[in-house]
Amino acid sequence: MNPKEIKAILQAMVATETDELTLETPDFKLSVRRSVAAPPPPAPVAVASAQAAPAAPAEAPPPAVDNAPAAGPPETVDAESECPGCTEISAPIVGTFYRKPAPDADPFVNVGDRVEKGQVVCIIEAMKLFNEIESEVSGIVRKILVEDGEPVEYGQPLFLIEPA
Amino acid sequence: MFKKVLIANRGEIALRILRAARELGVRTVMAHSKADADSLPVLLADEAICIGPASPQQSYLNIPNLLSAAIISGADAIHPGYGFLAENAQFAEMTAEHGITFIGPTPENMRMLGDKATARRIAREAGVPVVPGTDALSGIEEALVAAADIGYPIILKASAGGGGRGMRVVHNPDDLENAVLQAQEEARAAFGNPEIYLEKYVEEPKHVEVQVLGDGQRVVHLWERDCSIQRRHQKLLEEAPSTLPDDVRRGLVEAAVKLASHIGYISAGTLEFLVDREGNYYFIEMNTRIQVEHPITEMITGVDLVAEQFRIAAGEGLRLSQDEIEARGHAIEVRVNAEDPERNFRPSIGKVETLLWPGGTGVRIDSHVYTGYTIPSQYDSLIGKVIVWGGDREEAIRRMKRALAETVVDGPGLKTTVPFHKKVLDNAFFQRGAIYTNFIARRMSE
Amino acid sequence: MFKKVLIANRGEIALRILRAARELGVRTVMAHSKADADSLPVLLADEAICIGPASPQQSYLNIPNLLSAAIISGADAIHPGYGFLAENAQFAEMTAEHGITFIGPTPENMRMLGDKATARRIAREAGVPVVPGTDALSGIEEALVAAADIGYPIILKASAGGGGRGMRVVHNPDDLENAVLQAQEEARAAFGNPEIYLEKYVEEPKHVEVQVLGDGQRVVHLWERDCSIQRRHQKLLEEAPSTLPDDVRRGLVEAAVKLASHIGYISAGTLEFLVDREGNYYFIEMNTRIQVEHPITEMITGVDLVAEQFRIAAGEGLRLSQDEIEARGHAIEVRVNAEDPERNFRPSIGKVETLLWPGGTGVRIDSHVYTGYTIPSQYDSLIGKVIVWGGDREEAIRRMKRALAETVVDGPGLKTTVPFHKKVLDNAFFQRGAIYTNFIARRMSE
Amino acid sequence: MNPKEIKAILQAMVATETDELTLETPDFKLSVRRSVAAPPPPAPVAVASAQAAPAAPAEAPPPAVDNAPAAGPPETVDAESECPGCTEISAPIVGTFYRKPAPDADPFVNVGDRVEKGQVVCIIEAMKLFNEIESEVSGIVRKILVEDGEPVEYGQPLFLIEPA
């Protein structure tokens, strides 16, 4: 069985509108399946297009509505691509993000700092309660993704930590 | 009117509220779970904010996150939709405490009607009939007297019970003594408490409910809906008006207004009644929220109930007088659930790959589903409502049959209740209006 | 009622007729061109029969093929929709000759109103005002007398003309002589015939039309529609009722009934009027068919006009008396055309890849388009109609804005008129009802 | 087993309208499945004729409506696969198909007959007019696709003619 022979078989399948072919011999096993999702092309010219036809129907995208969320979910941060090997700390509740325990105090953490698992890294104020958010890992703060005083929604990434 | 409303719900009702808000010029913030990030109301809203993971307990029932979302987005009102926190008096109270308007009844309204015993007492006060019955029975003697007074058949129920367990229907006095003893024994075995009470047994009742709107000053009704087509207490198909005689309908709506006025009801609400074959009606409970089936009332009255909820909550009061509310024609709603009617209505969710809703004369669609949408598994199975209007009941039935014949909601493994509704509409008893709460059990099971 | 109807049309009106037929229990045969084999009405019909290639001349206008299709499929009625053969008296006649009922007016009805001159004469006979004017003018003297009689401004038109060429507006007698000479010269140059006539010039008229139904015995009206929002005589957005004062509306609908009764009109028909700023109305022409914009009348009256066409054609007569036809609220329709409003409304067809029609309260969709459908290039560009109902005009406008904001009709290279309609709805002149046939030219062009 | 042999088998399957084939010998196993002759899946796209079928591969299927045309257009005949090299004569008008000039007469043509271009091959009755349909090619009648007296729609294939 050489490529030329396989090509001959495929051409034969196209010409004969065959969908599937399995050939097993002691030496080899050949199985071919052609997608019939594409309607039979109008003329013999279409041999090429039949071969090019993708097997699965394309995904229907969600409707692109004019007024997509103005302040909708923030863009997803892909920890992997932003900072390879990093772990995300995300908001466990909805509220306002604060980097400092008090307006005139120093931030809990800065980029480059080392944090230990369980160390407080920020505060999220919700319903007048100041919730201390702890790091879930030990490592180096590589990125702070939210500005001080900004509202955050559930699951929004706050920090990228490189475990160390 | 409000500047910005937080919609604390999901699915079709979230979209319904969004539409009303948009027509009123109110900006919308969709509070949504992670599982609903791609849902149509989220895509359509002016703003969206994620309030928790898929689990309802941690998102749509998460009061702190919802209130925080309202606060940080600057919403001046919250609409709770139905289900979830819609009838949670504490949530309404906390919303108000944060200076945000809860679009719905007052916490007091909710509490007065929150449990059945209190609701029964208030109905009696207001002079509205409830199913005649007793408090906990002391013994056989009291049962015999009460049953004779109420008239047979009667039903014995466990005070601690629910869900049909420990219930016993008695058709004549000779059987009562044994039945009481057995019911007490069952109640003790099932609930650890032998206490039972006795009620009139309403045979083959219709479930009819009255839509009201109140602003604290006055209450108007928007006629009634017949919701007798139920499966295990889940409504499947509703129609407005009911097929009750006019005098019964009139008595019903007047009773509803009387009760709602009695407690100074605010916002949209529904009073549910059982109606027996003789046209006697008994108040059961009040739903202090907008309901799934509200569109059929909108179809016959032309009143936008959700917009009225907004207006009342914004202090604009009731715009309509009772005289101005005129019912015209007949409307039917079917609930399209992602359930397999062939397999005991078990959830049958998945991705919607082909979607074609019906259109044309007298057809309204309320659905949050679009082609390519994957129905999440964590929530109820309602994926859309097909609502039709016709000049009379017959036209409405024919129109609904036509509409369902052109409906396609398809995807791998996805089944809906559409085929079941077609059978209901074709049923001769249904067509002649012979519908009672046991219709599905009695007429639709092979 | 008929057993089986052949639908001799395509697109949204074919679907509209199919829906009416299905609700009436009439089986449907879709006559379709090759290009429409995949269209929704074909997919939904009980039967489908190909009647020719894409070209309308060889398919939807091919009388022998249409009649053969009706005969071999055993149809006992043909519904022509609008356009194509809908107002072709010969087709109606031939249909009848083959023992098949034509669902529409009689050939005589069509012929009496077929050309403008005859229609004008009949209107005068019936005592319905037409735009005052003359026959061909013999010369200046006659023009001066006629103009003085009619009152300035007047307009000179070429007898052989059309499309605006050779027209000339004259505001006072001093300018008339020169204008007549010039108009004659232009007419000779343009049409090889110098003959001109003179008409009252109606400034900034509203285009208002009255919907009627007749059964040969009597005629009822279903109130009026304002169709002033036009671009090059193509209607784009219509509403019902008009914003005319009540006394004018009443005069208009009475005139319409008078004229339609005068000729014993049968089926649904529309009488078009120009209305000037003083509320004077002038009959222009009658459309002897169902019209694109009929749904807005259905929305305010609750009458299914296409079903009534079927009933009247089946000899069931008019079911409704004038008293029973009550208009409620306000309805607006926008035509969603596959045209690019940014590029002079040039056709912009293609494949529909994302489709999301609006839904919810008071929204009706009439469209034959589905996700994956390719709009054929051989036919008109109408791909759907969004119709809304509101308690009043303001609510209807707000609702339409909301509905269009959630509408998505998208595909590679596909543009629609939706963005244009949004601008019309936002226009302050439109909102206050200051709409005339020149609205788009005057208010919507930068 | 070589490609040429497989091609021969596939062609044989086409000629015999076979859908599936499995062949096992001590040396090899061959299984082939064709889906052309089988009615294409429920999507009523099938009503479209092969010539009109859109070529786009990622076609979202038209909605599969319950009540698809009951008496819709007949199944598509692909002249190429039914009879390789054949030309189709299709109905130019809508009407009733007759093979004979009169009930007791002989058919205009039978399978195997030779026809000349312009020769009448059938009649289509439309609105009481008997329209003689002429062959557009000269050749041998290989297949007659419609029964005598059956209604035909526009474009419906009537005959397959092998040009000769």
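Should a chain be cited, it is by its letter among A, B, C and D, assigned in written order, with residues numbered from 1 in that chain.
We adopt the following convention: a contact is a pair of C-beta atoms (placed from the backbone, for glycine too) under 8 Å apart; a residue touches a chain by one contact, two chains touch by 3 or more.
Here the structure is a predicted model, which is why all the values come from computation and not from measurement.
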Touch-connected components when chain B is not counted: one piece
Shortest chain-hopping distance from chain A out to chain D: 1
Centroid-based (C-alpha) most distant chain relative to chain D: B
Chain centre separation in whole Å, for chain D relative to chain C (CA means): 43
Chain A and chain B: spacing of chain centres that average the CA atoms, whole Å: 40
Separation of chain B from chain D, taking each centre as the mean of its C-alpha atoms, in whole Å: 57
Inter-centroid spacing, chain C versus chain A (mean Cα positions, whole Å): 52
Touching two or more other chains - residues of chain B: 40, 44, 354-356, 370-371, 405-406
Of all residues in chain D, the ones touching two or more other chains: 45, 48, 54, 59-61, 63, 65, 67
Chain A partner contacts - residues on chain D that touch it in the complex: 1-4, 6-7, 10-11, 13-14, 27-36, 45, 48, 50-51, 53-55, 57-61, 78, 80-81
Residues of chain B that touch chain C when the two form their complex: 15-16, 19-20, 22-25, 40, 44, 295, 298, 302-304, 306, 328-329, 354-357, 359-367, 370-371, 389, 391, 395, 398-399, 401-402, 405-406
Chain B contact footprint on chain A (complex, rising order): 59-63, 65, 67-73, 93-96, 126-127, 129, 151, 153-156
List of chain C residues in touch with chain D within their complex: 30, 34-35, 37-38, 40, 42-53, 59, 64-69, 71-73, 98, 351, 353, 370-374
Chain D-facing residues of chain A, complex: 5-6, 8-9, 12-13, 16-26, 36-42, 44, 46, 49, 52-54, 57-58, 60
